[in-house]
Amino acid sequence: MIVLIHKDSKPEQIKRLIEWLAQFNLQVHISEGKLQTILGLIGDTSKVDVDLVRSMEIVEDVKRIQEPYKNANRKFHAENTVVPVGNTVVGDGGLTLIAGPCSIESEEQVKEVAKAVKASGATMLRGGAFKPRTSPYAFQGMGADGLKLLLAAKAETGLPVVTEIMNVGQLPLFDDVDVIQVGARNMQNFDLLKELGRLRKPVLLKRGLSSTMEELLMSAEYIMAGGNENVILCERGIRTFETYTRNTLDISAVPLLKQLSHLPVIVDPSHATGLSKLVRPLSLAAVAAGVDGLMIEVHNNPACALCDGPQSLTPEAFDVVAKEVRLVHETLRNVRSGG
Amino acid sequence: MIVLIHKDSKPEQIKRLIEWLAQFNLQVHISEGKLQTILGLIGDTSKVDVDLVRSMEIVEDVKRIQEPYKNANRKFHAENTVVPVGNTVVGDGGLTLIAGPCSIESEEQVKEVAKAVKASGATMLRGGAFKPRTSPYAFQGMGADGLKLLLAAKAETGLPVVTEIMNVGQLPLFDDVDVIQVGARNMQNFDLLKELGRLRKPVLLKRGLSSTMEELLMSAEYIMAGGNENVILCERGIRTFETYTRNTLDISAVPLLKQLSHLPVIVDPSHATGLSKLVRPLSLAAVAAGVDGLMIEVHNNPACALCDGPQSLTPEAFDVVAKEVRLVHETLRNVRSGG
Amino acid sequence: MIVLIHKDSKPEQIKRLIEWLAQFNLQVHISEGKLQTILGLIGDTSKVDVDLVRSMEIVEDVKRIQEPYKNANRKFHAENTVVPVGNTVVGDGGLTLIAGPCSIESEEQVKEVAKAVKASGATMLRGGAFKPRTSPYAFQGMGADGLKLLLAAKAETGLPVVTEIMNVGQLPLFDDVDVIQVGARNMQNFDLLKELGRLRKPVLLKRGLSSTMEELLMSAEYIMAGGNENVILCERGIRTFETYTRNTLDISAVPLLKQLSHLPVIVDPSHATGLSKLVRPLSLAAVAAGVDGLMIEVHNNPACALCDGPQSLTPEAFDVVAKEVRLVHETLRNVRSGG
Amino acid sequence: MIVLIHKDSKPEQIKRLIEWLAQFNLQVHISEGKLQTILGLIGDTSKVDVDLVRSMEIVEDVKRIQEPYKNANRKFHAENTVVPVGNTVVGDGGLTLIAGPCSIESEEQVKEVAKAVKASGATMLRGGAFKPRTSPYAFQGMGADGLKLLLAAKAETGLPVVTEIMNVGQLPLFDDVDVIQVGARNMQNFDLLKELGRLRKPVLLKRGLSSTMEELLMSAEYIMAGGNENVILCERGIRTFETYTRNTLDISAVPLLKQLSHLPVIVDPSHATGLSKLVRPLSLAAVAAGVDGLMIEVHNNPACALCDGPQSLTPEAFDVVAKEVRLVHETLRNVRSGG
């Protein structure tokens, strides 16, 4: 950490600051120049409150060198974290395929989709029971009843399930859920993150619409600081000026998050753009970029002409995507292992 | 609402869609062209789920004409909403000045600041007890103890208080709080908004870092749909590519929100940029643009050289700002009333 | 095109507008409602000046349904455009690999890199002679001398060359250049685009840092409207709030531009993030997403420890990338052709 | 400037880097730590090419402390620059009002508007002859003929004129133009900036849609490095995710640019949002924030019902804005001078 000192600061002020810094066990190097005095803090600075230091009267600016996260940092944990989920794992070099409907609508719907995606190679089932919706007049999900239908589909297919939590009060309903999803809008709901840190159940943490990668890792750090290391990061598109797509998939986040952190990284190509016709190319792109898994919306409701979600694939389309992404995944795996 | 129909759609599909739309009591006009058939839906479309319509097989796109919010919409409520807060009001054409420390740190601090800002003309006291922090290692606020100190300062000065809530579970602690603040990161915490809709206590709703004005108004709609009409909107900066300031104050939001909605609009110039040296010019700009109030961070801790927040004013600096903003406010009021 | 009429407009005003619209040979459908009258314009609206219509007194808003570009639009030109470049082509389903140094520095450098990338399978050579630099104090490129060195490398290797033009006055120097590159900062230098429209030489048009896909296609339209149909689109990252990468590669632009337009689409993974360690995964992602080619910076200067560009690959690293992207390209090609 | 050295670098590599840095006459301070070695460069670093340093093999990252611009920097030029323009000046503490039509359409139009805005207190006339348009099919301006009409209006009213240049070739036509405007899309047209640096005529430099304040100041530096110090900076809205307004006026840029630079700063509230109904509040906000001037579109064409530009004021509306902004300007001037 680099601390730039205002040029008019008095020596005793600088001395007091250095004494205060002593509590963090850091080496402090001073560079005095005519225009600027600089303190270089060397050591583990992750617990120094940058905002507090920046707020000090004699400080002009603070620049971090080290990342402010530690548990999530690959520098302190070189091995990939492998998250066990039911009868499968995420992050071991294989390709996790999570699929299912956006919203759970009926027992028939969720079971049918579950069977179809399992047949196509999905290793986990997704489905929304509690839905965050921009409008109070839009369908808010089936709630606890929807959760029961999801668990029934789990029982029937053996697929572990992932579903979104909206608030801490819902936790008792999630006992049999395999992975708890934190949605993009809750990525900085710190009270919820702290509570999930007390569990040992895997958490799928979605990146917020306008959150930097560092903020995503800091939110993972909230969960891990509580002792829960089973965190799966999920890139699902960020908000930009482009209006053609609902969000902009930040594909660079895949290799970067893998480099910065040891946690598994998955991509949600369905929400990233809101356009089902882009799910196939973006799924392939994510796998080629090195993702540990994909979470894809699949819908099947032939009885209802109204319900083909604009971002959902049919089971048939999912089957094609699943084949192609596995092929690309294996091709790259083979060439890299010299196979 | 305009619904664009895929050119290959069959007449019976279009007929079925029109029948389905009948439930919303809308007039439906059909324009058939060679390249495109268009449905124009005329009437109150705020309860039509756009995502659902867009997801229909025969629909190419949907374009809203009317705003999707109703309770917050000035079209259906021409008069300004005036929110009563303790012994004062927000939104009656006067200028509300909310001031106080970012975080509550001690009884002495909060009382001293409260007295100082009251003397300078503040009409409400702010202070954070529960602090949302990006890092789990940063100071998270004094919590319930901080809230008590804030209420003690209220008792001593008579100033109504505004403070941030982080989750529904904290509500019992907020009985004597005059205005409940929803922070930018919780603007789309829909479960919290629904709960606040059940109260009749004023809610100060901050715009999310990457939320559009329409999304802000939809979040206000969540609260109002529950019956609580005492909502104060707050612009506090949005996230852009500019890195010099922490956020970019969207000053256009002030006149636009006033035109789109009847709710009072305030600006938080302290968080908007994170730079105390910009608080004065941005406060003046906000008042000139027609804001109903300002929320400004003021800090006073002469005993501690470490604590002059980078975005906080001293009481003396606040005094200057308060004088100048009142002067501009009165000048414009006089010239417009022909005074 | 949908035109929303102000509700207070008089019938004769609407009549006059409809008469004015007659010049464009459009069908006009009127939907009159209590709250809103709507005109639906059906036909080729690409030559209607939306800003002008929006500016009319009786018009509340205009919403485009059809795209405002025609020559670049796949709807009017279903077949892929294949751009001939020297002894090769871009856009025929193959994978174009353009490689070379960011800046041309010396004859030895450019020839050595050219030979290396050719050996690795590159089909075109890139190299900057005129460099757009943010600072007037930074190296601005070798200029005309650099161009000569690039052409010497072309003569020696037989690789066609692509290099950036900065202004119309430089055109005479570009006679032997195979593809003229328009940089991101010049994407809306309309006078330059018009001039390039008079040529028949291929133009590689880079997307501006904050340009939408539609704006990119409108800039292509400028060139094509002049009669030059040899336009290659290039996605090279857009500006967002994320600070870890210099820009954010908009990978969705690849399949979307291919769907919206018949022009070839390539990706520049080097400039997209400014980080050489991301070039491999992003190149793979782009190919998996369906790109027609890649443009990659390769640098080789073992004599100088100072010059390994932060976004450049060594020839050895490029060789690995070239192998892997070709493998993924062929794998997907085979599976789709049933091979 | 802070240079972070890779931890595996060899002492002789670091030594060679320090020798190379010697050419810039900087003091170099070394801080060696277990995890990180840091070089602090103290002195005038504006001529160090950061990208080049960052590209060096042993460098992990470079962080600037000093601004990369010098001529435009207030640190090296404390006094406000006052730009003389015809019979008036910009930047002396007064309020410059530039008004006129977006596009020049006829002699009658431009003269009528010129007289009207002069009567309302405008001190400069604006009008576009060469228009940058996103679509090749939209009206591109009257060109040289339009320029003549503008100069005729100057002759008649005595108002100095400002108009936009699109390329270097047009310069001979600008002899009698008082201020040459560089549009947002040309802010990084470096060849054009260099050419304008050779003149001594004032240049009004608009901030690019996605340019940071630092980039704007670097573009000013291009002009000033050539010897032309008569640069006026113009904030005109940046591109963000918000879709309600065409752009987002970055009001913080006003006080910040005034602090960072000694150059005059004006605001264009018309282009900032594209909505005429916001011109009044944003003009007032800009003046309250400390701007040196405003550039406002005014249109007058009673004969043509089609032409009321969506972002233009009528002369009557401009008259009201001019009165109110002068009032706010004087009020703040008086209170600050103790008047």
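Each chain gets a letter, A, B, C and D, in the order it is written, and its residues are counted from 1.
Convention: contacts are C-beta pairs under 8 Å (C-beta built on N, C-alpha and C of every residue); 3 or more make two chains touch, one makes a residue touch a chain.
Predicted, not measured: the structure shown is a model, and the values here were computed from it.
At the far end from subunit C, in terms of centres built from Cα atoms, lies B. Pairs B-C and A-C differ in how many C-beta pairs touch across them, and the larger number is found at A-C.
Look at where the CA atoms of subunit C average out and do the same for subunit D: the two points lie 28 Å apart. Each chain gets a centre from the mean of its Cα atoms; for subunit B and subunit C, those two points are 40 Å apart. Distance between subunit A and subunit C, defined via averaged C-alpha coordinates, is recorded as 31 Å.
Residues of subunit B found to touch two or more other chains are 210, 239-241, 243.
Note for the complex: subunit A touches subunit C at residues 210, 212-214, 238, 240-245, 248-252, 254-256, 259, 272-273, 277-278, 281-282, 284-290, 323-324, 327-328, 331-332, 335. Taken in their complex, subunit D has these residues touching subunit C: 13, 16-17, 20, 46-47, 49, 51-52, 54-58, 68, 132-140, 166-169, 185-186, 188-192, 194, 208-210, 215, 218, 221-222, 225, 239, 305-310. The touching residues of subunit A, when paired with subunit D in their complex, are 2, 4, 27, 29, 31-36, 38, 40, 42-43, 61, 63, 65-66, 210, 239-241, 243.
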